[in-house]
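Pasting the structures here.
You will see two complexes here that share chain A, one where it goes with chain B and one where it goes with chain C.
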Partner chain A sequence: MSPAATASGPARPGGTLRRLLSARNVVVAAATALALLLPLFGSNFFVEFVMTRTMILGIAAATIVFLAAYGGMISLAQYLLAGVAGFMVGNAVVAQDAWSKGLKLGWNPWVAVLFALAVTTFVAFVLGALASRTTGIYFLMITLTYAVIGYYVFGSITPLSGFGGITGIDPPGLFEDHPQRMYLALVVLSVLVYVAFRVLAATPFGLALQGIRDDPVRMASLGFNVSLHRTLAFTLAGFTAGLAGVFNVWWNGQIDPTSISIGPTLDLLIVAVIGGTLSLEGAWLGAFVFVTANNYLRNLPLVDHIGITEARFNTIVGVLVLLIMILSPDGLAGIIDRVRKGLRRLIQQPPGSGAGPAEAATGSSP
Partner chain B sequence: MHTDAATAASADRPGSLLNLEAVVVAFGGLQALGGVDLQVWKGDRLALLGPNGAGKTTLFNVIAGDIKPTTGRVTIKGIDCTELPARFRPRLGVARTYQKTRLFRGLTVEDNLYLAQTGRSGRHLALLRSGVDTEFRTRARAMAETVWLADVVGVTAGDLSHGQQRQLEIGMALVTGPEFVMLDEPASGLSRGERERLVQLLLSLDPDITLLLIEHDMDVALRAAQRVVVMNEGHTVASGTPEEIRVDPLVHAIYLGSEAGLTGAGP
Partner chain C sequence: MTAHAVDERELQLRRPFVLPRWVSRAAVWVPVAAAALWVLVLARNTSAGPAIREPGEFVVTLLDGVTFAGLLFVVASGFTLIFGLMRTVNMAHGSLFLGAAYVAHEIQTNMVGKDANIDARDVSLLAWILPLLAAGAVVALLGLVMHQLLLRWNQGQDLRQALITLAISVIAADQMLAHFGGVAQPLKWPGAVTHFFEIMGERYASSRLFMLGVALLVGALLWLWLNRTRMGMVIRAGVDDQEMVRALGINITLVFAITFIVGSFLAGVGGVLGGSFAGSVAPGVDGAWLLNSLVVVIIGGLGSVKGAVAGSLLYGMVVALSPAYLPAGYTYYSVIFTFALLAVVLAVRPNGLYGRAE
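Let's look at the complex of A and B:
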């Protein structure tokens, strides 16, 4: 009838989209290569403390981003789930004769990992099923409740949490006394998690999840079991948070209820917000910024007047989050995306000309 | 054209597809439906008319399972669906559109049309793509062409124009291969030319498909339908052929009197 009407929508041919995605992939691949080569030139402190922690927090925050970006669910329970895995590892691996608390099962560390992941996945399934009928602010509130309850549960069941926590949790021999190996394993795991989440988004399951994000009512009327879908996505995110939790407890060597209290729970949300809750890469970017701020801002001459280190750090991170949220509700990833689009538009002044040079502009990313 | 089809439909009545018995829906103190009885036969082309707030969309929501009736019974294909959640309707071959579009705004036109098919198939929990998906994709693109969206299959639904979104809305109902389609004001917001195109599309549907249509545009409604039911204040107040409804004085009084376009309507 009126071809003008069909052509009037903002033209975005598949070619442009594909090119955009591949530019994104190039940046991610470059960042990965850099991360893998880092032990060759980075200081030990930077690798073992800053970057190892970045990878752990990045994986955990990526589960928040996955649920938010593809499922429209903002979960505050991810740090709790990582903590569940950590506590399970702690209880399972510490030997009976060790000077520590907890169940002290003294299991093989790899068996402990399987056990911890199984428990975490099961807990995530149950919590996910209970929250699966809610969305938006209600989902956020329910998962916040989980985090609070989880903290008190571990705090009160002392046989599991060992009063003041479980100490002396050694990583498997593969990583013990080899912090660089642990770091490299975390880089590989990060890549696997990142790729898995992105591949998942394009599967029938992932598309349906995005459909549920956009319109759960329509999805139900098309025959989808919306609650089940949400539950399964939450379970998967929980399993992945469990992976981060296992490495976290190996890295720390100990775990106590305070480490899963509301503070760290909010920290993880802050990591996701800094990076941008709609972009997977943002999780690691946010984690990097957060950990860097945590490690280096304490010693800045100007800010050491604010008071004790913790307050100083929280003030700075608070201001940082505020700034980022004012500048871009979609975090750093959103800012980068806008800069990239702005540059492309600038370069593409005569409309219809090749967009090739614009891709080079996207190469600027930490 | 439609009169031939009407004769054919009344000649053989294969059976009741949808049966509503004394359906009441109350929103707090407001009775949106005050005891509606309605029977739809297989192959029917039924238009539902009525002024704003008559309860037409509420009736759709009850049939589609999006809301449960306060009292009354809904039977589809002989199965009591009164308590059955919306997600079981597609298995009975029921598909609907929404008056206010409900699209997957972050997904492309093709993905919208693809997803619409997977719900019924049980494929949506799959982690791997398979031959079935290729088939769904092919059908999605074919449907995009049917609803005049071939040029924008790769465009995100949220970026479509209003008219295109309405077209996609219809496509998402039709692509499921339904036996019973419910369209809630498909012509609203469309240009004159687009409306004409829509009528042609509705007339070209497989005659086995049962169509229930809510439409304020008399021209569209009376041309696409063989039977018309008029609602007012939660009740069905008249029913008949488009010709009968066109001249019904009661209908004129409650609804059509204000519609200047009525007398001018016709094929």
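Let's look at the complex of A and C:
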């Protein structure tokens, strides 16, 4: 928010429009426009590989951010839920005569999507109901346990998949051989998810959820059903992660338990952490940084000299997270925020006595 | 009278959502009774057979459960000890487990003088105990370094600490993969404990009982340390009220460091036991044992050593019984039972059997 926006306040006529034109929204809108126009000038590899993957990971990471920022829950089960949707699509669409594992139901791909999302939402509801009575570190541990158990469930239950996974999963005709269309659909979906999460935050449900985040005991004594709110938030996040999982499996064409194991689970958390677990935009920013690093870091000329090869990518990711957690637990968004505040202080200091209460008021909104 | 009634209502409101008592009782006893009936009489088409017909198989399966529970306890007790005192969830616990197993493998192959095809008969008692102690010491030192450098200054920020240790586990797993490769490396029991003997007509490996013996020894030492020494008294007091301990003039930072050393050492001992139990050390074991530790402490209650015993026994039993008593051809569903155990405990006691609400 710029100082002008803060000064105008919501009471003035035209305040709503002014508020919609905040710096945050303008930047997001510009980024969206850029993403939509990208196929016109970006290279095929950049659009169909880097940016498509960014959007998928961004949507999945946004569900982590949603739960963390509005619900105070850090969930490690989001990649598992995306994987559940992926496995369900795989089991449903692969044809009976295909050379693959799984149930091979051979359904219409769009029916398969509905089926996958229904199963994922149900699984998220059950897992959420079990975990929602705990918070903080317990919630993190329980969801991590879900993630690891999920890996073994799909790995050992061979009729569903087995460790070899399901291969040859074709996207529906709309997207088959049209990777640019899939990219554009993902941009639209990203915007929908982003707007939906932000609008939700202002609804009675979202406000109650944030109240529960801040003081569950008080909200309970005001008559709110704390665990039900948490469960529903987790279910919604699970459904959204399922959407990301459907696109992920279309994009990959296959899925196996290793792709939802503890490594990728941490990668997704890392995406959320890079962007900052408290800012929704950070999810896509983090995804972009992660995917870019994953694709281009190995091509840097000096990398081989210091003994870091492609295979050691996890070490780089780990060190990156370690540094972020040590230096700025709010991630890149936190760093940007700090730089902005520092700049503003630099600009405002000379004329008068500093920022004063206006800055304190703007600083706390997630 | 009316004031009393109002109090009651307020209490009702403030209390978090709790299942009615009969539901939670049914959630526990109905599955337990059904499982008992199945195991005793009905389990015909299973690898073990009904317990009344095949009592030997039943006893051996129970023994499997108890001995595996011993291993679980050694690993999880270190995890829960650290959490109980410092509120630090050490996500790198599995990495310490795997690291210790690799160190022990290196020392053992050097002592035996063979690289591959090590047979238990080649391994003297010394060629097992020395690697055990050395590996324990190495990871204890690593744990201490990790605590001093990365966790000491952010004490109390539990999520940040969990993510820091998670990052360490990613780095450690990748570096160990680079160093030791993706192929399983051998780690063997000493020849003196690898025999077979008969129990009710079934052959049973004495190494499993040896493992249980080591676990009991570790448990006994831990109990003596926590309950019969001054340091243990301070730790128990610190679990209850850290601020008070600090205010009494006790150097709790030192106690934290020592607890981290002991917790990491226990992960190391567990790693050597677990590696010898599996016969080999391989990548991925760190994640599996982080899961095992998590399941045990979520069931037992984070921070409670008593809970670690209970959680290990329950989880060990489920791990041993479910593949043995599932119908042949369906044994791959046994992982569901791990989740079912977790679900039942969480539904009835969200903070675990011996856990306390935050």
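Things to note:
Criterion: the second predicted complex is superposed on the first by the 319 of 366 C-alpha atoms of A that agree within 3 Å, B and C clash if a C-alpha of one lies under 4 Å from a C-alpha of the other, contacts with A are read in each partner's own complex, and residues count from 1 in each chain.
Going forward, contacts are C-beta pairs under 8 Å (C-beta built on N, C-alpha and C of every residue); 3 or more make two chains touch, one makes a residue touch a chain.
All values reported here derive from a predicted model rather than from experimental measurement.
In the superposed model, A:L232 lies in contact with chain B only, and not with chain C. Using the contact criterion defined above for the overlaid structures, shared-chain residue A:L37 touches neither chain B nor chain C, since it reaches no partner. A simple residue count on chain A separates chain B from chain C, and the partner touching more is C.
Shared-chain residue A:V273: touches chain C; no touch with chain B. In the superposition on chain A, A:D215 makes contact with chain B only, while chain C stays out of contact range. By the touch criterion stated above, A:L200 is placed in contact with chain B alone, chain C being left untouched. Of the two partner chains placed around the shared chain by superposition, neither chain B nor chain C is touched by A:L174. Looking at the shared chain after the overlay, A:L114 reaches neither chain B nor chain C. Looking at the shared chain after the overlay, A:L346 reaches neither chain B nor chain C. Overlap of the chain B and chain C contact sets on chain A: residues 217, 220-221, 223, 225-226.
For chain A in complex with chain C, the residues that touch the partner chain are 74, 130-131, 133-138, 140-142, 144-145, 148-149, 152-153, 156-158, 216-217, 220-221, 223, 225-228, 261-263, 266, 269, 273, 311-312, 314-315, 317-319, 321-322, 325-326, 329. Residues 1-3, 5-14, 17, 200, 203-205, 207-208, 210-211, 213-215, 217-226, 229, 232 of chain A are the ones touching chain B in the complex. Chain contact summary for the complex, chain B toward chain A: residues 64-66, 85-91, 96, 98, 102-107, 111, 114-116, 118-120, 123-129, 133, 148-152, 154-156, 159-161, 163-164, 172, 176, 191, 193-194, 196-197.
Listed in rising order, the residues of chain C touching chain A in the complex are 10, 13-17, 87, 89, 91, 150, 157-160, 162-164, 166-168, 170-171, 173-175, 178, 287-288, 290-291, 294-295, 297-298, 302, 332-336, 338-339, 342-343, 346-347, 350-351, 358.
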